[in-house]
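In the two complexes below, chain A is the common chain; its partner is chain B in one and chain C in the other.
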Partner chain A sequence: MFKSGIFNIFLTLLIQIKGDDFKEEIFIKPLPPSHLYVDFHFITLVNGEESFEHSYLAPRSLGEIMSRYQVDELHLTLTEGQWKHNQWGYPVLDAAPGAELYAWFNTDVIDVDIQWKKLSSTLSGLFCASLNFIETFNTITPKMSLWPTGAQKPKQNYTSQLRYASLPREIVCTENLTPWKKLLPCESTHGFSSLLNSRMIHNTNYHSIGVHVRRMCVDNNCLETNLEIKQTVALVYDFKIINSMDWSFRKLFGQGLPGACPLSSSSKIYVDTTSNSTYRFKLTPEPNLILLSQRGGSETELAVYNINNSIMMNIVAKYETKSKLFVNIPPPLSFTRYVLGYGKEFGGIVTELTNNYWAPIDVVLLENAPWWLPIQLSSLRVNGEAESKLILSQYYSPGRSRQKPYHLELLLHLPPKSTTTLTIDFEFVFLKWQEYPPDANHGFYIGSALISANLPTAKNYTSLPITGNTFDSIVNASKPWYPMVFRTNGAMVSLPTPDFSMPYNVICLACTVVALAFGPLNNICTKELVLKAPGTSISLRQKILNMFKKKKD
Partner chain B sequence: MWASASFVGVLIIIGVPLWWKTTEVYRVALPYDKINAFDPMSHFISSELTVLANDDKTAQDIAKQIEKAFEQSDVIKLKIKKQVLSKELQHILDSVADEQEALEEVAATFNTNIHNTFYVVQRKPLFKDVWVGTERVAFFRDVKAAPTLVEALVHWIYEPSVLNGARSETADPARQIRFPSGPGFHVVLSVVHPKPQLMKVDFNARDAVEDYIGSFVDEISDLHNFTLKSQWLHLLEFNFEAKEVTDSPGDRHFAVRQDRLPLLLTRLEERAATHVSERPTLNLALYVVPCDTAPLVLYDADNKRVSSPVQAFMSPKWGGVVLGNPTQQECQEKLYKPNVNLIMGTFLSQLRKLLGITDKRAVGGARLEALRRAAPRRWERDALLRLRALEQLASAQASLASLAELLGEISNIVINDEVGASINLAVDSIQRAGQLLERGDLLEAHKYAQQGFLAAETAFMEPSLLALLYFPDDQKYAIYIPLFLPIMFPVVLSLKNLILWFRGKPVHKEKID
Partner chain C sequence: MALILKYFVAGLVRYWLIHTDYWQTISNRVEIATPLNSWKRLIEGIYLYDHGIDPYEGDSFHESPIVLVFFHFMLKKVPYLLPLIFTLMDILTAHILYKTSKAFVLILEESQEKIKQNIAKESKTMLLNKSQLNEAPDYVLSVYLFNPYSVLNCVGMTSTVIQNLLVSVSLWGAASGQRLLACTFIALATHQALYPILLVVPISILLANVNKGCNKCSYNRTLLIFVLCWSFLIYISAYIMNGSYSYFYNTYGFILTVPDLKPNIGLFWYFFTEMFEHFRLLFVCAFQINALALYVVPLTLRFHKEPVLLATVLIALSTIFRSYPCVGDVGFYLAFLPLWKHLFTFMQQKFIVGCAFIITSVLGPTVWHLWIYSGSANANFFFGVTLSFATAQIFLITDLLFAYIKREFTLKHGSSRQIDGKPAKLVLR
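Moving on to the complex of A and B:
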């Protein structure tokens, strides 16, 4: 009896040691009138501080990278397409088009730049993405706009340990999805990840895969921390592409859901049915639960499916009215960005921020221009004025050619019901011929600007609260502020691009000219005219030469 | 004429050397003569052997026979000392019942902790001719045991054939199995659980790795650094194409052909994430066989059942796989408790081979005490040090020699200061290690050999070597020919006249109107 008691204790200890926890979730939100937002979350919680060497559910490859480069928090997204905030509202996690990577290193790391370079190169290998193109000349250290979302030791300077880079040109495809899937404990054979069929999910308006690693407090005292590895996939389907407004798993993913991952402790599907009041649709099968959430003055209705078996299922939504006029109510904060100017000498970037809310909103705007697009702080205009009361604080770090990007951060106070226009001028720079990317005439991408805002309302807000890791944490999660980091759309400029065969042509032409000029010059300098007496005999060679000369005459 | 001379002066006397100098490939001066003088086969290791016998004559005889046996070997040179055991120790050795106790007695009088030493001690009451344990001591019964003793020394303790294989260019069987030398290894234990929904596995991978593998690798930390890791790979299913064989009613097993097994390694490699670590990884995988195909039994190439308590196989230079077969009862209870001792013991025996400790073949009349702990025997560690020192020495010399050869063949390889420094360091370390080996200072020699090996590898693998490699000659000539040909033609032709003029001969033989 005693023995078995000890054994039981031992067994519970064992279970605690490998107390990794895995959860999977899908959040589906119709974006009337024409789109559908599907967001996958795969959350692995790793118990304890140092379980990198021995992993149970967590991917060892990622853990190894995190511990080797002493990374405290890591965010990597690979995105194709542009999230339309004005039309679609806000996503759970916003991502810049292309590849975006930012990480906080441990405060023990002294040379952050070297670790950052190594980290990006290793991740580049792990995800088959061109993250190895992250260099010092496209990396910045945001001062105000990004803050760690995980648990952090108090009173330490985290800002200097942060590095941020985005590669807007990166094209995201299947080769990134396959290694991403390998990080999941169930890979793509079981559970929700088996829906991620690359043929279907790349046939969308917007898709973004991401890996987010952070430390989370175990309890309120925060004496112990867990490591949270969150893998996300965000998809926006266009009803035009799937050919109907009615959607089903079979239409979206090409197959039904084969059940939950056997390793997950919870597998849930949330369908946002708030829009059901205007656009009526019917879900089959019936959801297990209907959740009503009141958060920051907006109501959300969620239909919840608890998946715990391995029976093939297919969730279908059927709309009752097919066509209806739709009035788009814009979210509290919306923004656009575009490029000004003509010709190949000067240009400008315009960022328009619109506050649709009845209260002022403070935002941090981060403009990050590559070194080949010098932006001048002196040309910054807010609503056409050089000196504006709207700027509460600013940080500007001028770039250096081939070494450092231009980095401007502004803390702006956006008055209620207003649009603020920021203009900043840039000039075009000539690159060296080796610095042009392949297909240089395609144009050059400028990365997205970051807008970090504390929204006063949760309207259109779908993000999880900072302490939550699963979707049920949004239920009734009213807070005074709803923090969000947005990415504006990127832009494209066309730099003066030379004809790339020119250098060789120039060399050949110059050589020919030199050669042509040299011959006569040499002749004039070295040959001299000597008078020949008439009677002297003529050599045979001279006779032959003379014959030619006479013919010419 | 002066004009002609000045053209020649500018273009040939100043221009050509300038062009030569500016287009030269940067190369640090390298000790080519030393590198070319390298001969891996010339290295040998000195080792100390002490014969302790009850009387002078026995010691003489034994020493003579051992000396004779190792006379031919050019890779190992034995320094044999003879000594007569004191009466007191003789008495104790003859009276203690157990060999282990006898070992302790020998260790009390002689220092058996020194690397690269070995004691051959006479002990009358032995059951067999020769007894070898975990310490650097072998017992023998009397003079008649000499041939057996020599055989044990050759095949177990010193293994000159394996050492020969380490320094030569062609790989011997032992080298085909063991990992190439390196500063460190990751040891990753992967527990593969194909069907977690059907059965639970009660196995603590972390403790298993740290207890068993940890105590083994701690003992050879002189040689390599090890990091121990473990991971679980779930839902990795593999079709063994097993055939069901019924042994007796109600008792069956599944037969797996040997040629299916490499495919399992491919599947494992996909998920094991070995590519993220910077060091070579030793893979150990425990494959938990799903109940519907348990127990799996491996069949060898002759289609014969492999009979061993653990079904396991090893892939040279990759790692080992153990198949964990749950019993029928465990399948019914849906909880599999692997026999940790047995499984980790199998992994250890695979690890020993992968790291270079050879399997000891049976020698008639000699008894090799079985291993009781995870740690390797002391004299095995010495053998490993000898082997690795020699191997790294040979490998460093080979890479330097081939680098020197490449530099001779391909003219536009850059050797910058850093590469030059590591080549020089490698050459110095190799020489130093060679001398130390000849002196028999094993630990130091291994340290220098490793340093030389690493320096040679970094020099050979340095990407800056290739900086100018892609500069094709045809493009060079595409620029040189239009520029140099029309210019050099008249200048070179005017040389003839210039020479005549210098000799004071009349220049204007031909006259132009």
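Moving on to the complex of A and C:
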């Protein structure tokens, strides 16, 4: 105990000198009546150092990727399940189902596409995910919906350095979580990350692991920048699965919290107790601190636990009333997406955006249809109108089969208290038989649409302000608007399939029909008609000639 | 009077069908609209062009830039007139076919005059008389106007309507000896769909025959004018697209490499769906050579004395073997068949072919519905139907050619099938 204490002090000192800083946080928010949102944040701040020849707390593997491929900002999420914005409000960071990767490359990079391919392949190896399936045909460059969150040099064209791809079919499992945990300074032996055991966290309604890397200013002058590596895990537990409304660390993670990571400068647990006024629950042990935050017209109460020892602890919440009717107040902006049509010939995608707020909201909607789902821009209708005044700006890049996806971005003006419905038609494509994935009749996943909005109110808003990196920063962080990038739900279509057992038969039959034309036409063109008695014997000379003819064939 | 009534009724049927609720269904049918000619894709291309997006950047538009600007102009100025324009174009095609077949009949008569000396005495009755020849154009007109294939093609407002018009004008120009007209229009048709390039051969023969004189000079002149026209059109198209030749990949490239495997009535779609990737190039080349080059030379050598027959057969073969055929193409070459009414007595498979046409036309939409909408059939059913449709067409064409050479033989040697009083058989040697 003593030895390890000295070791810790020594290590902490070393790190203080170096300037690397590691923080861990858990944010817990009950989503009454039926769910619980748990969000882990592990933040590593790296001072200065560009090349990552030496690294202290930051994972060298990730740092090397950033410096080798000259990536300025990187966001990778691996998600299973669908966040229900209508019921659960907004998450800290939204993620698309499956794998999602986007990155800004340094403005010095000339051939971004090559670096992008290298980056995705390397990350694929690092996280054991199928990111190597990111090709030009599923990559887009969003023009309006995504902006870098980190420090940027002024007057540089960042949009052209951005690449975005999502793989909605990707299944997220233990093999992605293990390498992810290896990037943490304490790995999974100490600290909050020891709670993340895959048996429990894959038993949730929604789980999303992510890595977000960006450059942050050291001070307001921004002459120096830090590299911020943020690793996140978002989990949504269903009370039905854990069998009661009362939750505890032991129930959620299968074990208590063994204490803080010795390398961390701060380890805090925040429990959102705002819903305590309607759904009373009691936290044990008592929190160290109660924070009251007023932000953009909403009040939040946070119970804070400061963990700085390594004593096993278990935070428990006990609800007083079990059966109570719950009125769901929808968030300011909500949306759904679904596929129209029957049969496998023509269809349509509908995106419904609802503005529940009393003021208009401007949003950017990014529709990203794969090449095998050709959308027709001429069929775009906003509330049934072809030329709508709600579209303020539009960008469209048509897709090309096997080369480029269809990419549509719309800047929309959503009037207050209204629902805006966008429909766009598509035609099903008939693929080659070898292009179908295994189990072709399972269906094809369509990725989520991105909705990027500057919300005028912070109702249901839990994200950190753009300059903050810990949960402290949300306290009283009122701003004129609150930026957020949402992902709608994905969809699935069933493409028409050929008969996979037929290639030889089809090739033979089609060639036979061609031969049916060739044979007679050849005869007509090369031979002449003669009269011949059926019984007459052919002359010897003719017989020999015929034999030669046959041999020649 | 009867003629005007025919035009009127046919036009009315087309115009009325475009304005019924079934128009949408008809214009989306796979048998009628292919990725190459569908109205929907034309609209999408015009929409993109109108919004300042290059329609050839994407994969949805495959018409030539000339068609694009033409319809862009039409849609801006007179969108309500488009159904009428399509109807009128189809009626005009019918009328030009009528005039063409009148010219063709004259050519047939002339060639009959030439061989009169060599005809066997007993076959003299088989020679075509005036009334037989004169009723052929009426049949051609009726077949084009009332053939359900051509009617549906026009109702679907496909660009095949334009292509049929261009081809018929160039044939008419050739038959009446107007070289510039014939060459310009065949170049326009080639620019739109590539396959009409085959018709340059019968057109140059026709032109040489009609404008008597040096045959070789005539061929050269025709070829030269055609090439000049075609290159001019290619240049104009690039000029429309601001000097970019990227439309090439989306028009000719699309026709030749067959990237879109949406089912149609042709042979390509399922064949290349099921093709092994490393053999794809080989078979694409083989199939395109089969459609574009294989039959031109032998058929020309064999039938150079009958350019009309050569034209009919080449149109038909290129329809059967092209990468994106539609019923509009079939309807077009079927209209030429009544010119060969005198061969029908020598054809052996009329009944089979007729039945096959009817059965496949009914079965096609049925199995398509079963496959795509009810999910109770699979792709093989529709493939089977398209395969038998192609077989029926091939039988029709080969049978027509056999009938021609049989008639030729009979005219020369008389109708008795006997050698020295013993029964004998006609065989190919």
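Just so we're on the same page, the second predicted complex is superposed on the first by the 484 of 553 C-alpha atoms of A that agree within 3 Å, B and C clash if a C-alpha of one lies under 4 Å from a C-alpha of the other, contacts with A are read in each partner's own complex, and residues count from 1 in each chain.
Just so it is clear, a contact is a pair of C-beta atoms (placed from the backbone, for glycine too) under 8 Å apart; a residue touches a chain by one contact, two chains touch by 3 or more.
The structure presented is a predicted model; accordingly, all values stated were derived computationally and were not measured.
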First (chain B), second (chain C), both or neither touched by A:W481: neither
Contacts of A:R400 with chain B and chain C, given as first, second, both or neither: second
Which superposed partner A:T122 touches (first chain B, second chain C, both, neither): first
A:F326 touches, of chain B and chain C: first, second, both or neither? neither
Which superposed partner A:W358 touches (first chain B, second chain C, both, neither): neither
Partner chain in contact with A:V506 - chain B first, chain C second, else both or neither: second
A:V530 touches, of chain B and chain C: first, second, both or neither? both
Contacts of A:N522 with chain B and chain C, given as first, second, both or neither: both
Which superposed partner A:Y338 touches (first chain B, second chain C, both, neither): neither
Residues on chain A lying within both footprints (that of chain B and that of chain C): 507, 514, 516, 518, 522-523, 525-527, 529-530, 532, 536
Chain C - residues contacting chain A, complex: 28, 40, 43-44, 46-48, 51, 53, 55, 57-60, 259-263, 267, 269-277, 287, 290, 294-295, 298-299, 301-302, 317, 320-321, 371-373, 378-380, 383, 387, 390-391, 394-395, 397-398, 401-402, 405-406, 408-409, 413, 417-419, 422-429
Residue ranges of chain B touching chain A (in the complex, touch as defined): 1, 3-4, 7, 188, 196-197, 202, 204-206, 209, 227-232, 234-237, 270-271, 273, 275-278, 478-479, 482-483, 485-487, 490-491, 494, 508, 510-513
Residues of chain A that touch chain B when the two form their complex: 11, 14, 17-18, 53-57, 59-61, 64-65, 68, 122, 125-126, 182, 185-187, 189-190, 262-263, 310, 507-508, 511-512, 514-516, 518-519, 522-523, 525-527, 529-530, 532, 536, 539, 541-542
List of chain A residues in touch with chain C within their complex: 342-346, 371, 374, 376-379, 394, 396-402, 406, 429-434, 496-499, 502-503, 506-507, 509-510, 513-514, 516-518, 520-534, 536
